[in-house]
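What follows is a pair of complexes built around subunit A, which joins subunit B in one and subunit C in the other.
Let's turn to the complex of A and B:
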C-alpha cells in the first residue's frame, strides 16, 4: 500500500461548532460541515503524519470502527475534499501547506 | 448556510462579527454615517487580542471595514492574523489604495471576498459623491487588479438621489469586470443619531423605478408581489440576526448589535467579548423581541417580507417600532401601505408623516 499524506489548504476558513468542523473554501465559497470523525482527520492533516497513522492512532482510538473500513472511508473523504481544493494529498510528506496563511509583507 | 445559522442561534454563538478597524477614510462621501476623526482606535495588540477572543467565541465570518480599513498601516497584519485564526474574512474597502502588491497580498492571505463601494459608472457622479477627484478611476483599477488575482469582488451600489439613474450602468460595469453586483437602497442616519445625511435618500419615485427593473431585482413580479398572509411562524420569528448571531465592534471597542443599530452593549477594552455577548442587558432585550412584540408592525401585512431594520427603528424612535424607510420600501415595492402608514395621524410620528406625505405626493 502506498502511504498517503494529507495537508489542510491555507485558503480555507474553519471553526468548530458543537463538535463539528465547518469549513469554507475561499476559492469557491463552498461550505462543508464535517462529522466528528472527519473533524478528527481534518485536524490531524498536518502534511507530515501518514493517513494510515491518523486512522490508526486517532480515528480507531476514538471511535468504534474497524481499521480497514475506517481507512477506506478516510481515503474517500480526503479525495472528496481534495477535489474541492481544501485538502492536498501526496505520496510524500507535504511540508509547505499546513496551518494558517503565510505571506511576506 | 441556513442550517449553520440555525445551529449558531441555538447555541448562542456569534457566527458573524463586523469589525471596523478605523473610522478614518481617504474619501468624504456625502451620505456617510461616520465622523472620520480618530478618537483613539484600538491598537494592533488590542485587535489581535480581540480576534483571539472572537475565535474562542466561535466567530466564523469576520468582516473588516471602516472608514477605509487600508488607511491603517497595520491593516495587512490584522488580516494576516485573522486568517491565521482561520476566520472567513471579508474586506469592505473603496479600493483606492489597492495596487498590485495589495491585490497579491489579499489573494495570498485567503481573503474570501472584497466588497467595494461604487456609486456610478460616471466619474463626475461617483467622484462628486466621494468628494475625491479621480476616485472612480482608482477604485475601478483596484477592482480590476483584485479580479486579476482571482479574488471575489462584490460591487456595492448605494442608491441615492444623485445616482439613482446610474444603477444599470454600475451593474453592467460590474459584470464586465467579473464582479458581483449588489444594490443597497438604504441610507442610514449617522451613527450618533444625526439625520442630516437622510437628505440623500432616493425618493419613492426613484425607488419604484429600481424596484420594477428586472435587470436589477430579477423577477419583478416575484419581487413586488403582495405579502403572503402573516402566520404564527412569522409572529414568533426574529426581526433579524443582529444581536442573535451577529454583532458589530467599533474601532474604539464599542459593541453594538449591528453597525446600523448603535445600541451600546459594552466595550471590549473594558470587558471580555463573551461576557458582553452573553450577559449584556441590551443584547438580552434585543434577543427577547419577536415579530408579535413589535409596535404597529405586528399588525402589518408586510411583517413577513418587510426589510424592517430594528437598528433604523431604534434610531427613529424605539427598537420595537417601525422603520419608516422600510415602510416606504414595502409600499413602493408592492403598492400596499404599511400599518404605520394606515395608522391615525395622531399616532404617526412626524418623520413617518413626512414619508407618507411624500409618497402620496409622488404616486
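Let's turn to the complex of A and C:
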C-alpha cells in the first residue's frame, strides 16, 4: 500500500464551533461542516503524518471502528475534500503546507 | 440608544479641486464621491437622499470618470487585491482603491445602480477590517433595539419591512449594515433597498436579535444552534472577494457574532401578527 499524506490547504478558514468543525474555502466561499471523525482527521492533517498512522493512532483510538473500514472512509473523505481544494493529498510528505491554517478551538 | 441623523442634501464643489462632489455617509462612514458631472451628482443626491452629508470629513474618497451610458450588469463583480490596491470590476464599472491613501478611482456608466455596487463592495471591505458586515437582511428599530430579518430572496425580508408597525423604524428591506462596537453590535440604516424601493431610515441602534426567516402556517420563534447560525449567517453575508485574509476576517466576524448576539429562526405567516413576536 502506498502511503498517503494529507495537508490542510492554507486557503481556508476553519474553526470548531459548538463541537462542529466549520470550514470556509477562500477560493469560492463554500462552507463545509465536518463530522467528529472527519474533524479528527482534519486536525491531524499536518502533511507529515501518514494517513494510515492518523487512522490507526487517532481515529481507531478514539472511535469504535475497524482499521480497514476507517482507512477506506478516511481515504474517501480526503479525496472529497481534495476535490474541493481544501485539502492536499500526496504520496510523499507535504512540507510546504505543514503549517496549514490555524485551527481555532 | 437610537441615534438619529439628519443631513441636509446639497452637492458642493470639492475644496481641493473645485470638482463636483457628494459625500455619502452610510453606517457612520463618510465616503466622498467626486467628479462626474452636475447631472450625475444630482442623481447621486437623489439616490442617497437622507445619507448625503456635506459636513462630514470623508474617511475615503472616490474620483469618478463617467463612461458612456450602460445598463447595470447582471454578472458577478470581480474583487481582488494587488499589493495595497483593491480592484472592483464588472461590465458596467472598473474601480481601483488604494487602502493606504484611502483614495480610489472609478470608471463607470452614469448609473446610480452601478455606484450602489461600488459602494457596497467598499463598505464590505471596510467592515471586514473591524468585525462587521453587510448582510442580506431587512432590519428595523423598535424600542431602541435593532432587529435583523435575514433570508434568501423570497423568504420575506421585504414583507417583514412592509408589515413593520408604526412604532418601528425600517432601516432597510434588503441590505443591513452591522458594525462591531465596544458593547456588542450596532445596526445602521442603509439606502440599499429591495422590492420596497425605499431608502431606509438613517438611524442606528444596538443589535438585539438576528432572525432567519422561514414562512410557515403560524408565527413562532425557534432556537438555532451556534453552528447552524454561523453557517446561515455566512451564507447571507455580502462577500465579494476571493482573498484569503478577507475570508478569514469574514469567517471570524461571523463566528464572533453568533457567539454574542441572539440568533433565532422566525417562522411567520405574512401578516402583521408576526411583529407581535418582535419585542
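Going forward, the second predicted complex is superposed on the first by the 99 of 105 C-alpha atoms of A that agree within 3 Å, B and C clash if a C-alpha of one lies under 4 Å from a C-alpha of the other, contacts with A are read in each partner's own complex, and residues count from 1 in each chain.
Convention: a residue touches a chain if its C-beta (ideal position, glycine included) is under 8 Å from a C-beta of that chain, and two chains touch if they have at least 3 such contacts.
Everything numeric in this text was worked out from a predicted model, so none of it was measured.
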Aligned on subunit A, subunit B and subunit C: do they clash or fit?
clash
In the superposed arrangement, does A:11 touch subunit B (first), subunit C (second), both or neither?
both
After the superposition on A, what does A:29 contact: first (subunit B), second (subunit C), both or neither?
both
Would you sort A:92 into first (subunit B), second (subunit C), both or neither based on which partner it touches?
neither
Subunit B and subunit C contact sites that coincide on subunit A, given as residue numbers:
10-13, 15, 17-18, 22, 24, 26, 29, 31, 33, 101
List of subunit C residues in touch with subunit A within their complex
225-227, 230-231, 234-235, 239, 242-244, 247-248, 250-252, 255, 258-259
Interface residues, subunit B side, partner subunit A - complex
1, 3-4, 7-8, 11, 13, 55, 58-61, 76-77, 80, 83-89, 105, 108-113, 152
What does subunit A use to touch subunit B in their complex?
10-18, 22, 24, 26, 29, 31, 33, 99-101, 103, 105
Given the complex, residues on subunit A that touch subunit C span 10-13, 15, 17-20, 22, 24-29, 31, 33, 101
